[in-house]
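Once you scroll down, you'll see the structures, which are given as structure tokens.
In what follows, subunit A forms one complex with subunit B and a second complex with subunit C.
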Partner chain A sequence: MIFGIFGKKSLPLVVLFLVGLIFMPYVAPRFYIYLVSAMLVTGLLATSLNLVLGYGGMYQFHHAVFYGVGAYTTALMLTKTSLPTWVAFVSAPLVAAFFGLVIGLICARLSSLHFGMLQISLGSLLWVIVYRWYDFTGGDDGIHGISMPAVISGTTPAYYFILAITALCLLLMFIVIKSPFGRILQALRDNPERCAAIGVNVIRHRILALVVAALFAGVAGSLFVTLEGSVFPDLLFWTLSLEILIMCLLGGWFTFFGPMLGACLIISLRTFAGNYTEYLTLILGLMMMLTIFFLPKGVLGFVNDLFRTRFPGQSLEESSHAPDKISTKII
Partner chain B sequence: MELFPSLSFSVLCIQILVGLSKATILFIVASGLTLILGVLRIPNLAHGSLYMIGAFTTYSIATAFSQSNLGFWVALLLAPLVVALIGLIMEQGLFRFLYKRDHLMMLLFTFSFTLVFADLVKLVWGSDYRSLAVPKIFQGSYLLLGMPFPRYNLFLLLLGPLFAAGLWYLTNRTLLGKISRAAAVDREMVGAVGVNVNLVYAAVFVLGCYLAGIGGALVAPTQNISQGMDHSIIIEIFLIVIIGGLGNVWGALLGAVIFGLTDAIGILVAPQFGIVFPYLAVITVLTFRPKGLLKSIW
Partner chain C sequence: MLQIKSLRKSFDGFQAVKDANLSVNQGEVVAVIGPNGAGKTTLFNLVSGQLRPDAGSVLFKGEDIRGLSPYQLCRKGMSRSFQIVKIFSRMSVFENVQTAVISRMGKTSNFFTPAGGIAVKETERILEAMGLSGKRDRICGLLSHGDQKVLEMAISLGSDPQLLILDEPTAGMSSEETATTIDLMKRLSGEMGLTILFCEHDVELVFSFSDRIMVMQQGSTIIQGTPDQVRNDPQVKKAYLGGHD
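And then the complex of A and B:
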């Protein structure tokens, strides 16, 4: 079942890619190790968003909240308590999932655009609290210089830690998508009325999906702390949420690896174009417009379609479940 | 024992008036957004950017005409027109081709506009903040209940009902308003009876952008004109539109008043967490009335 992530044709390529990732620190300069770590963390975040966005069809407008909650939980546990380190890492996803549950309970009965906007207001509330509560969260300065245990401090150990956890989380998310629960989620995206008619509890499934997505976003948050050693309120700000939405769209939100690819593309654009121009967001914005006009299924969705027309009956990535026509009905 | 010793009656009254005058600007900007959202179904995140462009353009025009006393008024007339022109180009050049798309696509498309506009503003005006003096007639303040109340805020307070009435007249009594309300419900039917829907859509979009520009022009003398003012306003007006009911102009007014008042009173009650209160109000409203306070067009 695990091999089902990839079509048979692409399997050797993927194995090669994984081996490359494992041996990369031996050949690549430190900066690139850091860069790939950042891609993995952001990619994990975007993939967790896609769980509810692409597969669940929910308008998760403020996913970064759970990322920020995870990061702040780890950071606060490491700096304000003397609990063992693993507690900080285990509790981050749990706290994020708890926030997911609370926000889900409040939002889940609303229809799409209202759902997204209520989520933004709840998230903004949380952001304001983090931003202003100087005594506890450090306010707009954030918390810096969080020391990690020796096993995962330094660029290369942190890279291996992030790689392992990200791979594990991707695998788990894939299992979730292939499980009966994941199937129901996709059915809910395509036709909620029909699902309700055959006895699926729509709201409960949506809340559960949100909790699962929040859990993995929390993991990504604590990995961010491992990588950067600092947290700041921007992690919860709504522009970050829209940026990860853009990553999902750019990579292709009806594919499993699309968001990861989108994260890699945007982070490399940010890093390398940043050397040449001050007006980075201008380029990003224009690139987005072109994507929306010409590649509405994203890069990976486009490649997938191409592959399907070349080799009928096979697909590059078997997990892609793109409905032929994206629903235009909203309310 | 007094709960809030600093909270005297006159302070409270002044703070409410200040809140209401802020609500005027929020209402003008939010009504533009709600028109676009109601008729064209575009969740236009670029609305905040247009507001920011309006404020910056006002600054430039007002300083260009600073010799005469009328600088600000010329700017108030011209800057929204500039913004409306940008809106026309946006709608006719790009949005027109995307009406069949998903809302999420539209949202991300408008978000990419906010990214582009943010950098364009930086390109044109630089990254420093600007400030504009209040026009001569409205400098100084009146004494109300023994407390000073800025004249410019009084001007804003009077402007609010004027705009509300004007928008009510436009949407309920004019042909354009009636057609656009019909187009909001059923675009194809309106097209079938021989109305040029494209033109109506363009007109409503331009009107919405014009209102964003007016909001930006009016806010220019009251605060620093800076990068990032687009981010702060867009969330506020989106929440206002949502709690008021999508596409409902009166809802935008109600939402703006709730937002302005909770903000102003929140600062009195708890200075550090003042900005929490509007968000709390929004959450309370949406918990009990998920579709907004007034009837949504959707």
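And then the complex of A and C:
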């Protein structure tokens, strides 16, 4: 059933890619293992954002909050309590989902832009609390030197742990998107009024979607702690939210793997271009403009379209997403 | 099935609906006619929960439904189409109708079963009945306006309603498309026993197949009666038919 869910054309590609990732630590230097781990974690975060952004049509402007909450939950439980490690990892997504619920309950009634603006405010509020509460969160210093159990400490073991959890989460999100819940979510993006007229409780469904997205962002947060062994307030600062938003748009927000691709592109750019220039944000801004003008559906959306025109009747990713003539605006 | 008494609604001091009265019995086809700005769409929005009335009563199956949201009314058996088509434009024709069926089955919070395999037969049956089978895999944002209107009716049927409310079902259609749509509406009422409430500009068409007609002018009901009663009413002649039959 699970394999039937993946697009028939994309399945071999996904498998090949996964096999490549599994064997990578045997051939690649440590730095690259670390880099790919970072891409996976950020890609997971961006994909969870896209669940509500690309599929749900909601202006989720401050998604990093849930990532930060997940990361801090894991970090605090590992350093301040003597509970087993798995509890710290399991509670990260749960606490993030709880925050998703609270923020969702406050924001979901509002439409599009107002929703996004209020979310930025609430998220920034949380950031200030984390930034200032020295006794509990370590304030602007954050928490460093968090020790992990031997099984997942060190670059390669952490890499395998991150790879496994990310793959599992992606699979789960894919299943969710193809489920009735995901179908209604996409229907909400296309026409909320029609959705209400066919008996969907729009607000409840939006809140549920936020909770699910926050849950996966929380997982990404705890994976970040595994990789870095530290947390700091920047994890829930709004600039990170903007960065993952750009990843979604660049990679293709109407495709499932687009945000992951966007994350890989932007992290590569940051790592390699960072050696030559300090003006990385300038490059990012330029890239964003070029994307909006020339690739409104993102890189993967473009590749999908190309594939479709070359081989009519087949598509790389089995999705019901925008054909050429339909506007790519969310609302 | 539906009783509306002295319904009122104003926007910023403008009285869109002043005194609307309407009754729709089980199995009837009832039309609302009136010149532009008579308050027909506002009336429909008041009935289907898009707007909240200022005063008056709306009873659906004997129950007061004022203040209920559109989704609650849909679950009670009321389904509607809109004057400006509202469909899921990125989905295929099949998926549009299937989504409505999924919602009716109460499976919207199912996270793990693939949606593609749910209610396939029922969806195909609706598409067949509406003559959309040939276009089932087309992305509906790219369909012609007429087909989109028909699709919207098909989506409404996916909710398995008892009362179908259609806001100008043939607006913007070619004469051929209009004929097909009227034929469809006749079959929905005749074969499936649906109660239909609709409003329409084309007076000829309304008189040809409605059981009863309600005439509105400047937000008030002038008369509700059989096509013959309405045709012979002096007030209607003066207000709407321009004084000649």
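We adopt the following convention: the second predicted complex is superposed on the first by the 309 of 331 C-alpha atoms of A that agree within 3 Å, B and C clash if a C-alpha of one lies under 4 Å from a C-alpha of the other, contacts with A are read in each partner's own complex, and residues count from 1 in each chain.
In the analysis below, contacts are C-beta pairs under 8 Å (C-beta built on N, C-alpha and C of every residue); 3 or more make two chains touch, one makes a residue touch a chain.
A quick note: this is a predicted structure, and the numbers were derived from the prediction, not measured.
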| item | value |
| --- | --- |
| First (subunit B), second (subunit C), both or neither touched by A:R132 | first |
| Which superposed partner A:R30 touches (first subunit B, second subunit C, both, neither) | neither |
| Contacts of A:R109 with subunit B and subunit C, given as first, second, both or neither | first |
| Touched partner set for A:I175, first subunit B, second subunit C, both or neither | second |
| Subunit B versus subunit C as contact partner of A:A187, first or second or both or neither | second |
| Subunit B versus subunit C as contact partner of A:L284, first or second or both or neither | first |
| Subunit B/subunit C common contact set on subunit A | 326 |
| Partner subunit A, residues of subunit C touching it in the complex | 48, 50, 69-71, 74-75, 79-80, 82, 86-92, 95, 98-100, 102-104, 107-116, 118, 139, 141-142, 155-156, 158-159 |
| Interfacial residue positions of subunit A with respect to subunit C in the complex | 1, 4-5, 175-176, 178-184, 186-187, 189-191, 193-202, 205, 208, 212, 320-323, 325-326 |
| Subunit B-facing residues of subunit A, complex | 53, 59, 61, 106, 109-110, 112-114, 117-118, 120-122, 124-125, 128-129, 132, 238-239, 242, 245-246, 249, 278-282, 284-286, 288-289, 292-293, 296, 326-328, 330-331 |
| Residues of subunit B touching subunit A in the complex | 41, 43, 45, 94, 97-98, 100-105, 107-109, 111-116, 118-120, 122-123, 231, 235, 238-239, 242, 246, 272-273, 275-276, 279-280, 282-283, 286-287, 290-291, 298 |
